[in-house]
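Two complexes are shown next, each including subunit A; its partner changes from subunit B in the first to subunit C in the second.
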Partner chain A sequence: MRWLSVAHPGHMEALKEIIRAGNGNIYEVYTGGSPDCIGTARSGLGRTTTEDIREQVEYAHSHGIRMNIVLNSSCLGGRHLTQDGHNLYRWYLNVLNDIGVDSVTVAEPFLVEMIAKEFPDIDITVSCIAFVNSPQKAMYYEELGAETIALDININKNFPVLQNIREAVSCKLKVLVNEGCILDCPFRYAHFNLLSHANGPEPRPPLKYEYYQQRCATMRVKHPELLISSGWIRPEDVKEYEAIGIDLFKISGRIQSVNWITNCVRAYSAREYHGNLLELLDSTRELRRLFYLPNDALEGAIEKWKVCDKNCYKCGYCKRLSKEILVYSGRRTPNEELKPLNEYLVVE
Partner chain B sequence: MIAEKLLEDRKKLEERLRRLTGGANVFVSEADLFAMSCGCIGIISYIQGMQFEDVEIYHEELMNIIEELSLDLGIYPSVSYAQMKPGTFDLERLQAHDLCDNCQKEYAGVGGKPWPDILIFKMDNGGKSNFTSILEYRSSIEELLREISRRPAYVMQFNIFARACGCCGTTAVVRGIFGDEINAKKDMIVSHILELSKELGIVPTMIYSMMVHGTDAVAGISAQQACEGCRTTYEEYEIIPRPDLEMLYLEKG
Partner chain C sequence: MVLVKVRPLDVFKKIIGEGEILLELEDGSNILDLLRVLKERYNIYERLYLMIMRNGRHVRFLEEGGRTMLEDEDIITIASPSPEVYKT
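And then the complex of A and B:
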């Protein structure tokens, strides 16, 4: 049974390594398309051409793996509702269809409906950036034509809602296992909109300073418990989600290095990991070089999260767990040390 | 002194790239020596006027140029590469790193393409650099910020920079510290940075913190030895270079 949906940076060398690491567990790989057409709400790196995608589709198919192209801008600037925009999207989807792309990930309801109607051979995944977080919203997208829904990461640890969604729809459900974003992040919508424009068609905003990224890193230094309460799923806890009917598990990290991605693929394939959990999380590299969050120390925490009412102000469980976090200092100097967090911060 | 050498090397690099490509438009806006929080050290040169195809054509020559530059500045490169501007075919940076163990793993293998937007010239083992004291400079600022903030604030990257205009200095890219905390211990920070600058051969005309736009979070702390042109602008017109800067120290000439 193939159950992993894996981030792919976009070049053939990466695809080969990822498939090798997947050990038969990879259901699909996903990568960005042309930023000149629709773009994505995540940073893009390379400039993957149609010919590159065609070759990679063939290679993936020869290994029984599906290819998904991510077109999940959270803001299309109204272009999709113009005749020119519609024509451009139709042309690009035709190109993807012709080269054998199996599915696309979109965040815009209009695109879900349009693709379902005009491109019946292309399966539709609703992006986690559509923030599907209730049975009602899931039903709405299923009716529009979704074959798969990637759920809002903010409900990853909310089992009653996950179960209700499972009961409400028959399409495949996918969860992101390793996104390191802050739970109920106040910047989430605005950040995705910014990135959608930065990684979409011209004109692109010149991003010299990235307010959201800088602010979010600062918040986690000030409140390290945010590293714990975030929506990630440990490799050991995947079985809990399978038990409630989640079909697919998405490994995020299109802008990470290939070896980083394959390390994640191996950890989730093995369903166990012993080391710094932050090494598996798709957040800024600087945080995993600053903090050490021992994955083994989190064993069993899922039982608490399964019944958690997400009232962090009253609960304090994740804050108490954060005392397990260690902090690096003086890397590669004679004074290099890994110190307990409470040497810097009082953790009650 | 290292800052002077960096200024000269930036200029030499620009001249060599212009000769190599026959293009008068090649511009090296800045050359930096850096130390990262992970333990990587290296050099970065910011390039304008070159394309991906130039990198392919002059692969061998660029590898040698970047290696010579790096060795001259005391960095033995365990990886050197060209980085494109994301989503384009424009060359953005030429870099050489002496990688930490974690990053060594990330860069290794994959047919020399750990990311699609970089083109690796060379991979080797790390740990042979001479200028490792840059890691201690980074760490010393980090410890100071942690002492001030009483939280695990960190210096993500410490740079020694040399710009095309002739300015040079240092920048600590920081996270987890706020403007009021910096201002409350301004003297302590300024004195630490002046001392550190002296060791690097930099005489700062100003030291300032850069704020995350519209907030009280600090994004960086810079010490700048301004070139004559920039100095005149700042002094004569009393211009603070950007609205997001908070001046901690200004030496008038």
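And then the complex of A and C:
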């Protein structure tokens, strides 16, 4: 059975490599749509045209893989409720429908309802940034027309809530396995709203400073236990989620390089990884240089998290674990992905 | 002439001072030529660590590396790690 939902940067070469790395486990790939129509909550490295998407839909289908287009702005600035905005969204969804896109990911309830009513051929995935974290919320979205719900990453290690949601809805449930965000991050809503505007239709704010990302990286350097209490799921622990009825496992990272994505796909396909877990997490890359979190040393920790009441102040398990197993490299020398400007110019 | 889009990230974005820039280069220019132009125009510190990607692909994985010829509408993403992380 296919069970992976994989980030795709949006160009054909990447798609081919990702499908190869998936070894028959990929259910769907997802990539951003046109930021001029509906933005997404991730910055894009390139701009995928409709023709690109059409070609890639055909290629994905020829390998039995579905194509999902991400339109998950957490803030549409009220545009969706204007006539012009509505017309634009309807036009763009018609285009996606015509080129055979299987599903779209949205975070805005209005879009869920609109697409369900007007585009019955397009399946709807509710984005993880709709923050579905309770049976009630999942039921609302299912009633609006969701075929799949990507759950809030903050409940990834909260098994009682996951089980309650599973019992409450019959739609597919998806968990994001490799996001490295802080548990109950205070910046999460504001950060996604910022990214939605920065990567959505004009006018885009000319940002001088990515406050949220830098602030959260600093917090994790100061409090390394945050790297462990985060909602990621180890490749080895996927089976625990399958056992409670989770259908799909989403690999994040569509703004990462292709080789980084395929490395993650291979690890999750194999359901094992022996190395620095931070290498699989879609988070600030400097953290991978500073810390080494040995994945093997986390074996069995899931049993504790399955019954954890998420009161970090009283528990302290992740803090103790971070002191025991987390290695701080302290090196400022980045690895081979980075080199100084003069080395590019002199060596080459 | 080739017209490429440079998308700076992290610290490099602060140095450039803009979210994106369009750069016109002579025909036959490669990624290293683009770096030289940026270095001169923005007075970039030569020990600044950079990660460079062409259309989402790391320069390390391009067959020609930094000598890869640029084409119209290429998107060159250049990132450098944030020193904020290291200060703590």
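A few remarks follow.
The rule we apply is simple: the second predicted complex is superposed on the first by the 323 of 348 C-alpha atoms of A that agree within 3 Å, B and C clash if a C-alpha of one lies under 4 Å from a C-alpha of the other, contacts with A are read in each partner's own complex, and residues count from 1 in each chain.
Going forward, a contact is a pair of C-beta atoms (placed from the backbone, for glycine too) under 8 Å apart; a residue touches a chain by one contact, two chains touch by 3 or more.
Everything numeric in this text was worked out from a predicted model, so none of it was measured.
In the overlay built on the shared chain, the residue A:Leu341 is in contact with subunit B and with subunit C. Once the two complexes are overlaid on the shared chain, A:Gly24 sits clear of subunit B and of subunit C alike. In the superposition on chain A, contact is made by A:Thr218 with both subunit B and subunit C. Once the two complexes are overlaid on the shared chain, A:Arg289 sits against subunit B and subunit C alike. Once chain A of one complex is fitted onto chain A of the other, the partner contacts of A:Pro35 are limited to subunit B, with no touch recorded for subunit C. Contacts of A:Gly245 after superposition: neither subunit B nor subunit C is touched.
Once chain A of one complex is fitted onto chain A of the other, the partner contacts of A:Gly316 are absent, as it touches neither subunit B nor subunit C.
By the touch criterion defined above, A:Thr48 reaches subunit B but does not reach subunit C. By the touch criterion defined above, A:Pro186 reaches neither subunit B nor subunit C. Counting contacts as defined above, subunit A residues 9-11, 13-14, 43, 45-47, 209, 214, 217-218, 221-222, 257-259, 285-286, 289-290, 332, 336, 341, 344-345 meet subunit B in one complex and subunit C in the other.
Of all the residues in subunit B, the ones that touch subunit A in their complex are 36-39, 41, 86-89, 100, 102, 105-111, 113-117, 132, 135-136, 139, 142-143, 146, 150-154, 156, 175-176, 212-215, 217, 219.
Contact residues of subunit C toward subunit A in the complex are 7, 9-10, 13-14, 17-19, 32, 35-36, 39, 44-53, 55-61, 65-67, 75, 77, 80-82, 84-88. Of all residues in subunit A, those touching subunit C in their complex are 9-11, 13-14, 43, 45-47, 198, 204, 206-210, 214, 217-218, 221-222, 257-259, 284-287, 289-290, 332, 334, 336-342, 344-345, 348. The touching residues of subunit A, counted against subunit B in their complex, run 9-11, 13-14, 17, 35, 43-48, 199, 209, 211, 214-215, 217-218, 221-222, 224, 255, 257-260, 285-286, 289-291, 327-333, 335-336, 341, 344-345.
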